[in-house]
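Presented sequentially are two complexes of chain A, the first with chain B as partner and the second with chain C.
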Partner chain A sequence: MSNMSLTGKKRDYDTQRQLLGIIFIIPSVIFLLVFVVYPVCYNIILSFTDARLMKSDFSFIAFDNYKKLFQNIRFLKYVKNTLIWTVFSVVGQLALGLAIALLINKRANVTGLRSFLLVPYVVPAVALALVTKWVTNGDYGIVSWWLNWIGLLEYRQSPLAVPGSAMAVLIIVNIWRSYPFPMLIYWATLKGISHEIYDAASVDGCSAFQMFWHITLPHLKSTTTVLAILRIVWTATYFDLIWLITGGGPAGSTTHLPIMIYQTSFGTFQTGYASSISVILGLSLFVCIVFYVRKTISNDR
Partner chain B sequence: MRNNIIKHMGKNLWFYLLVLVTVCIVGFPLIWMVLSSLKPSVELFKMPPKILPKQPTLIWYQNTFKDSVVVRYFLNSFVVSSSTMIIDMIIATLGAYSLARFTYRGRRLIMMAILSSYCLPPIMLMIPLYRILAALGLNSSYMGVIIGHTTFTLPFSVWLLIPFFQKIPKEMEEAAIMDGAPSFKIFSTIILPLCIPGILSTGIMVFILSWNEYLLSSVLIISDTMKTLTVGLANYISSTEIDWGAIMALGTSTTIPIVLMFSAIQKHFVEGLTAGAVKG
Partner chain C sequence: MKKMVVFLLLIVVGSMLFAGGGQEEFAQEEDDNKIVIWTNLTADAQAVVLRKQFAEVAEEMGVDFEMVTISFGDMYTKLATAVEAGNVPDIMHTNFSGAAYLYSQDMLAPMDDVIDDLGRDDFIASYLHVLNADGKTWGLPDWALHTSVWYRKDLFKKYGIDIPTNWDEFKAAAEKLMIDNDGDGKTDIYGFPVPLNATHVAAQTFYEFLYSAGVTTVDPKTGEYTFGSQKEKAREVLDYMMELYHDVSPKSSIEWSWSEYRNALVEGTVAMTLDMGAVILMSQTNNPEMLENLGCFDLPGPDGNKAASFGSGYAFVGSNSGDAEQIALKKEFLTRLYTKERAAERALSRPMFAFPSLYSAVDTYRQDPKVALFGEQIDTITDAFENNNWYWYGMENGLSQLSAQIESTTFFGETLQSVALGMENSEDAIEYIDQMLQEQISLLD
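For the complex of A and B:
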């Protein structure tokens, strides 16, 4: 009798605990439903309408926005710009992140150095954009002056005024800004490779390069995949830096899809049309997101 | 033996040389920003440029902070970032504890949703959020932009906090559970105090992300007096008459507090990030 009420109590207690777990997750779920899931759905709906920026009512026009988009010759050019921007930025930041991680990996007492190398991670994009504009200023910029001095740039010109080099400057600045994250993740992964493997290889007479090629690189493969996917999603959709440095110019040569979305919705007020561009961009990155989420969840927990 | 020492020194030399080059490249934009903010006009516009200011001046800082609009920007950013941080940390702490310690139906789905939102960039939410917040009348108050910033910082902080809760040994809770202590009390008296470092460092990271955010801030705030610092600063670039000294001073003042805050919490942040964000 007393035993039974005890288990009953235990069960009550377990239910009460379980309830707490559910109550605790509710605020997060509600917030995400209202301000993330609903907006994403709303965005998709808007892409089938003729919505304008300042008007709250709209009517459905089926696939007209999409048809218009695929007939727009500039769209293809901006897709190309997005690809160039994304591929070079991601490859660059992963390569630099890995190089620096390898450089500091085997040393003790690098905490101070590592802290310093992480700083670009938190530098506001606006401040970085301002400095970039200042150093590449045609008349007084130090970088423009250096480039002119070594003969790469005409006198009193800014690299931001020339289509090809404008994109190059943006990519370099973006790599500067975003290498710390890959560096950190690579560094953590390198720490996780056991020393015994290297010791054994060293006894067998492997050269440093052989060890890197046959031991280090294979261990980094899965980290690289996950990193690359996450950074592709973030880079392809990253707006601030390009907008603040070149605004998409000169002559649209640095306009990528996020800037096209912004200009379409806030420049020419075609909200519905802009939504269709962001749906296309989102769809093409959807595969990446699904892959990332599945891989991370199955690995981690 | 001697050969070994020479070889060792040579190796070290390469290491220090590479470190030096890296440090110079990484430091250049920031150092140049600070140095430029300390130069008087004559030196700023001298060609070829000299690295160090010959006659350092604080005139740009004085001019900038005399402007009441700039002070207002700082205040706005502070209000927005700290509110985002507080709201975010309350929701995320509860959520992360729940995901770390409980099992219930739908938990996996919620994890996936949070991780997907973590990947979701602000540009995807810009248009619908603009419309939704305008319809709710929130685009003329701080609340609109705070909500905007929470959309991308919340998934980030839940994800970052989970490992801090998982790290607490289960035994610490189990004794209290055996005694039948109320579950909320277990959370507030045993778990929460142990997670304070994690919560603080994640909170500061949220503050930083919110402080730095530009796109949503520029779109979701209509009123001029409520603009945040990043938006105000960006307007300086687009204005025709560019006062480089003042801009560099303002850029420096925007960046320095953030870098200092980050240095303070960096250790905990690195711990959380490498435990949770990407595990290959």
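For the complex of A and C:
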């Protein structure tokens, strides 16, 4: 009897705990349903329609938007731009973030310096865009003048008016703005590497480079993978900076898929077509996310 | 248990949705006596005058108002989302394309009764024509702007250059004005910039040349699509523009927008530029010494006969939402804004850029010290408004959504920049523009 009563109480207790847990997650679930699941599903549905901002009704057109997209001669160019923008930005952010993390990891008292190094991360994109346009102005920009002086740019030319250099400027600015996040993560990881390993290596006569190559880098492998995946997703969908600095120009040389989506949506008002582009972009990034989740699970194990 | 959770979630989500609807209704009831006005004028001087006049009129009528400024670049994004949400402002002060967009969405109330009350004859007829569709006038024109070539009178005099009368003379003048002041082999003053920023500016530059040569998007009389049948002429126009870009324009002008080319003239690094007269306010603000050196003339036609010019303007439009009483309230508000003093004051907030829509206000405008230096230029421009053809892209036949489609996209800019950079030839570029224009038209259908 007593055992049964205890079992019953335990069951009640478990049910209560489950209910409490469910109540706690309800706000998050609602948030996800309203702000993630619904928009994503609606976007996928729209991609199979001729929806336009100019009219409230729309009809199902199967894969027409996708056919149109893959027949668009400029789509491949924008995909290429997206790849260049993403790959170079991410590699640059990680490299700079790691370099600075290694630097501050060597110093004992770096609180002030660390805070200072975080400044780029909090600079508003609009301010950064204005300054970038100012310093690269063909008439009075200091960067343009300097590039002209060393012979890399024509007289009174702006690097933003030349296809290759416009993308390079954007990538450099993006690296500068985004390196603090990898820097912090790398720095936290570096703090977790035991000094004893370095001491042992030092006793064995390893050089600084050998210690970096054989001890530091292997310890940073998982962090780098996770960081790379996160940054790829964030960078590939980052819109503000490019739109504000070049608007996708010159000649579409900095137009990446998010700008194409924006232009299709709010330029030609073709919501359905724009949705199909975002589905393609989303699917590509989904592969990254799956990889990230699998990596996280394997790390946990 | 799972069923219970799903049920709970449905109730919560449902109640949130209904709660939202209830709030909206409440807000609507509460705001009946308040007029919401959007303007996409973000030039400080104009916004200040508008706010002042709205406040005066609101006080006269005993109503509240809320003025929302929307940057020009965000205009279509905001309008599209407002239309989608059924939440357009009561009154909007916007350019002709914005008016066309709202008209196409069936969001506007016709304004013929207001215009008749104010005196139809006092409105410059060509301003009214632009806002016409289906036999009605869908807005009150506020002011219009006209594209001219603004130039340095002092340099023309110094180098013995006459006002060009055809495209050959124009290019020759620009070449003569490639000036190396200090003899270091580098050009200090360029003859004529060809600004090609993909957002708005490239299309505007191109259309001024197209119109001068007689190429239009649609037939001004019938509204039929005509660009496709004028591709050869359009290609010649593009080739000429590219010659100017390569020979007499700073290379960075490929990315120049309004502020860059205006600043270049005001600061003395170019000798001429296409502009709508905004260089005057910029000069008054940044370099007053330059003011007396500035003059304007119409870009000539290729062989001397200019077919038309590129121009636009701003209008007040009122939404058709609400009952008869609310619509009457909006119309009364607008009527009170159209005294000759107020109309002139609004135009004078950007002197020589904005020209008032009322004849009676033009007289007041002329007498203002801000434009006293430019009597001759005012004559040229007002004459063009009254007696010549002037169009806004896609609206050659009156109010058309096509203008919003052209204005909000960047395909003109991207294509023209590609030609300037040698990445595409002019023939392919014109083919692509034709294809894109036809696609835009088919989307409207």
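Note that the second predicted complex is superposed on the first by the 270 of 301 C-alpha atoms of A that agree within 3 Å, B and C clash if a C-alpha of one lies under 4 Å from a C-alpha of the other, contacts with A are read in each partner's own complex, and residues count from 1 in each chain.
Methods note: a residue touches a chain if its C-beta (ideal position, glycine included) is under 8 Å from a C-beta of that chain, and two chains touch if they have at least 3 such contacts.
Remember, predicted model here, so these are calculated numbers, not experimental data.
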With both structures placed on chain A, which of the two partners, chain B or chain C, ends up touching more residues of chain A? B
Going by the contact rule set out at the top, does A:296 touch chain B (first), chain C (second), both, or neither? first
With both complexes overlaid on chain A, does A:28 touch chain B (first), chain C (second), both or neither? first
What is the contact status of A:266 with respect to chain B (first) and chain C (second): first, second, both, or neither? both
Go through the superposed model and pick first if A:234 touches only chain B, second if only chain C, both, or neither. first
Quick one: is A:18 in contact with chain B, with chain C, with both, or with neither? Answer first, second, both or neither. both
Could you tell me if A:249 is touching chain B, chain C, both of them or neither one (first, second, both, neither)? second
On the A-aligned overlay, A:86 touches which partner chain: chain B = first, chain C = second, or both, or neither? neither
Tell me which partner A:138 touches in the superposition: chain B (first), chain C (second), both or neither. second
First (chain B), second (chain C), both or neither touched by A:100: first
Which residues form the common part of the chain A surface touched by chain B and by chain C? 18, 22, 29, 56, 137, 139, 247, 266
Would you mind writing out the residues of chain C in touch with chain A in their complex? 1, 5, 8-9, 12-13, 16, 76-77, 80, 83-84, 104-105, 186-187, 196-199, 250-255, 260, 264, 267, 269, 401, 405, 408-410, 413-414, 417-418, 420-421, 423-424, 439-440, 443-444
Which of the residues in chain B come into contact with chain A in the complex? 15, 18-19, 22-23, 25-27, 29-30, 32-33, 36, 44-45, 47-49, 90-92, 94-95, 97-99, 101-104, 107-108, 110-117, 119-132, 134-135, 147, 150-151, 154-155, 158, 177, 180, 182-184, 187, 208, 211-212, 214-215, 219, 230, 233-234, 236-238, 244, 247-248, 251-252, 254-255, 258-259, 262-263, 266, 270, 273-274, 276-280
Help me check something: in the complex, which residues belonging to chain A touch chain B? 9, 13, 16-18, 20-22, 24-25, 27-29, 31-32, 35-40, 42-43, 46, 51, 56, 100, 103-104, 107, 113, 115-135, 137, 139-140, 142, 145, 149, 176, 184-185, 187-189, 220-227, 230, 233-234, 237-240, 243-244, 247, 258, 261-262, 265-266, 271, 274-275, 278, 281-282, 288-289, 292-293, 296-297, 299-301
Tell me, which parts of chain A touch chain C in their complex? 18, 22, 26, 29-30, 33-34, 52-54, 56, 137-139, 144, 154-158, 160-161, 163, 246-252, 255, 263, 266-270
